[in-house]
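Heads up, there are several structures right after this.
Shared between the two complexes below is chain A, which has chain B as its partner in the first and chain C in the second.
Up next is the complex of A and B:
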């Protein structure tokens, strides 16, 4: 089953920015409170063709938001509360830009939604993990994705001016879902009663004032005259509720990256693209040379410390593969370096976990690994001579759909478990990758983690730590065939299969956003009632009404 | 937003059958063991156009299976173990018929999968609720939906003849998912390690013999010479493990039903279709006259006892609405009768719950209510004068997306809670409808269930038992507008929205089948790589290979 849709690759999208380059957001720090103000420039869309009216957003706006949230955590640990508000008069945010959405390909819509979902989960992760509490200060209209952003915050304050409402008008106006977490957070996080949620989500004009508070859609309302006062009071209270961790941060320096036609190279990560095979080889290099073992030494390195540098690079590489390399179906995960050094680094990550910066780096690694879990490409981990799949890096192998380990006495390979496999990096459903791997034999988790050590191929196979162990005669052939078969299958079927097999066991609000909500939204994003010639998304803003196929499916 | 795709309604599909009419299954009872043998007649497809080769199945085959499972529970409570096996030589079941699938509309595919999913969940419900244990005796090849049927059984025995394998070839061969619970049951129920599951689900030829056992894909293997002996031994052991409940069942008599162009009328349930409005009115009549209060009296009535008769009728009506009335977007749920009699009936359902037949009826009601939860139509419950929304019938109001209650002193309406709201009828995610309704205020559940009583409109509104209470001046207008708005919206967006809002909170294997797995499958069922002109489902069996758009989404 081969194929051959010839497509011209669009211009590369990159995800780097910094506050001095922001076009749409303003970040002000007045510790312990910071303020993130959204004032989207209408005439600065991420690609030409639409205007970002009424604080509507596109990928460009969200790239800045993600940057701001990451910087608050690393550069401003003294910040304990973040006010997210709108910089336009009587408008908080009108949600994702509809003309952008209706003019986007299906694949772009899906990728855009996934990135915005991850960014909003990043807000919740900052609240839970870093103790930076978020207050959505809704200074005016808050619709669709605007309200979904508010839902990601710890508290929502709505101005009570007789006019400003919160709303999720996606279903009645656009025939799609509030898919950036909206439906899930409404009933799962805020626990709004499902029948009230039904009315809310089908009422385009939304709900205002005290009714919004009564239904649990917002936490506070305040008249215009008192709004700023209440914002400051609640922000101060949120900040006071979260004990300070540090007074000085580290600077997130720009990534050192060389992009060429078929490769991306960073100091610790490299991606090589084989377009013929439709395969990317992603290699993470382990720590080299002497590494600091105390907090001061680590702080001196800052963003150049191996764990943060390598995983920021990995994060960037994953985003690049997702959005710029749609034709790559399979990523081979490799590592290169000294296993001992990786294990030693994990010792530092575990030993200094109470240091705020080390703690932040651990949380960052967790987010990047979750980005890997949620990437719609197949991953095979290759454990080969010279690799260093220990602890933190072994999480990559467990995140992969399969792992292959070479068993060659002349070229020995080992992997290692460390304390960092014991729950430091949770998957989005709240379980560790060890717990997920051994769902059927949970006693194995305690057994393996109770005796942290390295494993040779036979040993790794016995304990079920890798999928396939093959000797030097078979390894190359077996991997080659597995690769060829994988890329020959339907990309869509693989995406759906992986989205199911990767997440066995319990679910939570986060995983339901990607499992239940996103899957339904993707279905709807394919339906003519939304995206057809007369569909509601297509017809939005035009004088005629959409025309629906009235049949229920 | 109106519409008007004019479509001719296809011939009505009905779901009634009985063992003497079976074409594809044979049901033999030799208590305490029963045997269900699949021997699909090639030339008896449910609609013309394809042949049911190699024990492949279609809706007609599954309608018989569902009937057999229901009859085993009610007519043969003496059965403690059920052997499910294949009646063809060296073939257990080749799965859902591919030519049937590829020639079906998207809507039919979705409805077919939902029904087969519910039937397989019925097997698990019979095992858990009725203690009838299922042994899948795989006498030969077991592919796709065939293996998904086996996965629904308590144990799987595979013949070890060097040839027969279990397989899920949907992804590699057809570019779709094993969507009838396959992916979910593999990793969630059987807890097969996710990387082994990845290999299994991408290997079209499947896995045989001891390897299948080692991976946890089957529980036992036996050579051909010993196969029947092991079947009988395991069936006897399963039967012995499940204590007997009764020696004699009741007969599931045919439903008394009158179908006309725009209505279906049963003794206790009626459906009236308003095609102009695209609304159905579904009315359940409460028990009338004197009702038995002891096990003997109930047993004498058998299938004519109100609870089983009414809910069998409701089940049939729901299936009819789903599959034969795609243009009906909204169902108004009404009840008619005396609230006191409904409450008294619930007293009997609770008081005699240890009686096997009453227990079976409770489980049946639970399945029917879950079918309602999972129906892709909007439901509004209308609590109006003459209604009798008490206990069991009030579950329908809680299952609805919204409920409206008239507050008119001249025409008083009441609802009632009973012990039957305290968990007797669980939703598919394992929570009661009360727990789901009050997810944000769980203390309310105990409070309300600790003081079982009836509620007038003001009281019901205060306690959050209904969505909207309106007085006689506003009620009619408010309901009319709500109905008009609802049917004006995109059917697809509403389906997706309801699938999210109806299931807040935790998930389990059952709910993940409908939430995560089904949603992804429906997306894939829309993708050109599966169903396009050159898609794998379309091209199956043709000489050319499918052509894929290689881009990953």
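Up next is the complex of A and C:
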């Protein structure tokens, strides 16, 4: 069937914002303490069709939160403690907006949850990596995603007014699961006893006051008249426990970006989309020209320094692909530039790792690479002439599901390992990509990292650093067939398969949050008991009550 | 004395060990609460009060002198209906529940706690009024209202103790720990944290706010949970007196205003120390609109859930309505958008708060009509009116918008320009306060208030309703 008009593509979502544009959050800095206050504008939903009542959030609210957390790290390194609190009377946060969720496509829900999860992990990463300690100051009702936001903080203080409770009402109320790591953090991070957690997670109204403290759901309770005083005291204590390394930050300038129908171009990153093939080509350009090698020179460049600029662009491109390009199933990862310059840049990243800014950039790169690991698209890295897969950029190739390297003596290609492959960028499950790659032969990791050098195709294949090496006669055909085969398979099965294969080895809290929880959540989100005609999520806010299929699987 | 001898009841307390154990701990705390948060002074005085000792027509209205702390707060459920069936919702027609179904345990507990919390709250709000009572008769009525609100707390606590296990006992304790207006432990509903410090407000409260309570009780009387239904049905018999206090109280203010208007050359009741009808109207506007808020959102998924589950019905579900499942019908709700009012059909179940509110509106109008009859009989050309239900709302779909007293949308500036005509002003409050002087001699009454037509329990107005210790 053909129609005369082209399919209308939905408006693109971008992730840009800055404090002067926030609608829902207020960021106040009074070093060493900062305060992030959530006061969601009911009538400013991210897309029309629902109201953001009681400090419930949607993607728009969370985009601001993510921006604030990133800015605190780069622009306000002098901040040592961050108070997250609610700006509405007797309300901290009611969690993700249910009407938004029930009117969203499955793909949007999953990507929304994934982004909010990454933002909350960003809070934990800021605490661990940057020493910015987070205090959740729950000034009132704290339900669902609101409590999950609190769980991501280092400490939770709950107001004790005889009424305000923390709760995870998803299961009893909506027949789904908390979607932002609530279950995992409850028992793994806070180590709430599992039987008490069972009661807590099935009691829609939640638990308040001293019982919440006794069960370990919160760290402190304070009466209303003492609340602000305790907030300030705890924030000051948290700040004092984490001495600062810097007094002045750098400004995160807006990204330079051109979006066209089938491409996005940044100074260091470009995305080209082939809709017919359902493939995107994502290219990262290596550093060019003279690069500073000392902390002062780097600081002068600030957000324009290649590593931070390139990886902020890559981060933005990945978010764009996830949320705006659901039909693009395969991303070809490419690099362009001089391998020597990449290796030299890695030398600086390693040599100046104790500088706070360089340290922050390393952590940022780690987060972006994890975002890549966690993206539900297939990734093939293509190591071709003119590429510069060295060290930090080679992490992208290791993050990919497969890598293809051209072996053509007339057009030599090399890759390089650097010190940055030795654990600077950890995956969600707490291992480096090298350790993960050589899980069956751990001695190989030490061997390869003990002799940091570049590799030609034959060498790389021998050491298992790439998946497929093909000569100039075969290469193009190999890659073409691999691409066509990949995009012909079921997107769902591929997502599940990739998520299983990408994270071998031991689990930790982070990997459980993504692996275990999102798998269950995404399954439950599809089940009739949640979204069927009589499912609880469908029925929410409607006059009828849900009816469950009572068979356990 | 055994506990069950101290507590009149028809719930077989002497045989119920679970209830005895719970009450043994709770009852002393209740008395402590009463002494601390109940009426200030007068605790040692003998008050002529009505006490329920059984639920039959003879037993529920026994009048005698009693010291308030010795009042016999009893536990009474209306007599069971044989083979009572669920009167509304998805389980319509099935046998009513004698025990709490696990599925609805949390919802029911919340409903009971929220209702229960308003009972002690109102006692706390009114605790200073006895110091400025306009007559012994009125002071006694205040205490009657107070002890019965206390008994209504007992009624809700009985349900928590008898049916909700340890959680229920904890909630019952917390009902005694929260305090109206307390910064740290406020009562649950905002309105119940405002002190009531003059008698005009008290009459308005018992007229309008207690009437909200009546409609909530009527809705709970339809509950599929039979003990809740029976408890609330008996509470309703007492609630009627509270509304009597309110309606006749305002009526007597109005009567006195008319008398003074006739005496004054400029028909100015204030000039002669009365409360003028314009001020009464402004207090009506305020108290009526804030009581409307207590019914909750016009379009509410909670309301739909409660009705669907059979936890709450509409007032007189059986008598006034035909379709008790209410799934196929719609209800018209006025929505305000861009300065215009339009009708919106919403599924009936989600509009149950609004249905109850509309029933309440009609009930109030009947009381206002009686006040107007009184004004007309005095030969005065004035009519007290209820403002439109959109006026001055702080909750629901009209909150944050502005309407005149007829419900027409207006701008914020227009509203502010008229606010002093519509709502009590600071000056009004100062004036009303200035009138609040205690008059506690039998047969005497404050100048701003007319005596009642008759006293309590066929006694005269000059009866010694309170004997000072």
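Following the convention adopted for this analysis, the second predicted complex is superposed on the first by the 545 of 553 C-alpha atoms of A that agree within 3 Å, B and C clash if a C-alpha of one lies under 4 Å from a C-alpha of the other, contacts with A are read in each partner's own complex, and residues count from 1 in each chain.
Methods note: a residue touches a chain if its C-beta (ideal position, glycine included) is under 8 Å from a C-beta of that chain, and two chains touch if they have at least 3 such contacts.
Just so it is clear, the structure is predicted and the values come from calculations on it, not from any experiment.
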{"item": "Partner chain in contact with A:478 - chain B first, chain C second, else both or neither", "value": "neither"}
{"item": "Partner chain in contact with A:272 - chain B first, chain C second, else both or neither", "value": "neither"}
{"item": "Partner chain in contact with A:486 - chain B first, chain C second, else both or neither", "value": "first"}
{"item": "Which of chain B and chain C A:408 touches, first, second, both or neither", "value": "neither"}
{"item": "First (chain B), second (chain C), both or neither touched by A:224", "value": "second"}
{"item": "First, second, both or neither for A:456, with chain B first and chain C second", "value": "neither"}
{"item": "Contacts of A:515 with chain B and chain C, given as first, second, both or neither", "value": "first"}
{"item": "Chain C versus chain B, contacts on chain A by residue", "value": "B"}
{"item": "Touching partner for A:191 - first (chain B), second (chain C), both, neither", "value": "first"}
{"item": "Touching partner for A:78 - first (chain B), second (chain C), both, neither", "value": "neither"}
{"item": "Footprint overlap on chain A, where chain B in one structure and chain C in the other make contact", "value": "172, 545"}
{"item": "Chain B to chain A touching residues, read off their complex", "value": "1-5, 7, 106-107, 110-111, 170-172, 174-177, 183-184, 186-188, 190-199, 201-202, 216, 278, 326-329, 376-377, 400-403, 436-441, 464, 467-468, 485-487, 489-507, 512, 515-517, 519-524, 526-527, 529-530, 536, 545-553"}
{"item": "Chain A residues touching chain C - in the complex, by the definition given at the top", "value": "160-163, 172, 203-205, 223-225, 540-545"}
{"item": "Chain A contact footprint on chain C (complex, rising order)", "value": "90, 106, 110, 174, 177-178, 183-186, 188, 301, 304-305, 307-309, 326-327, 347-350"}
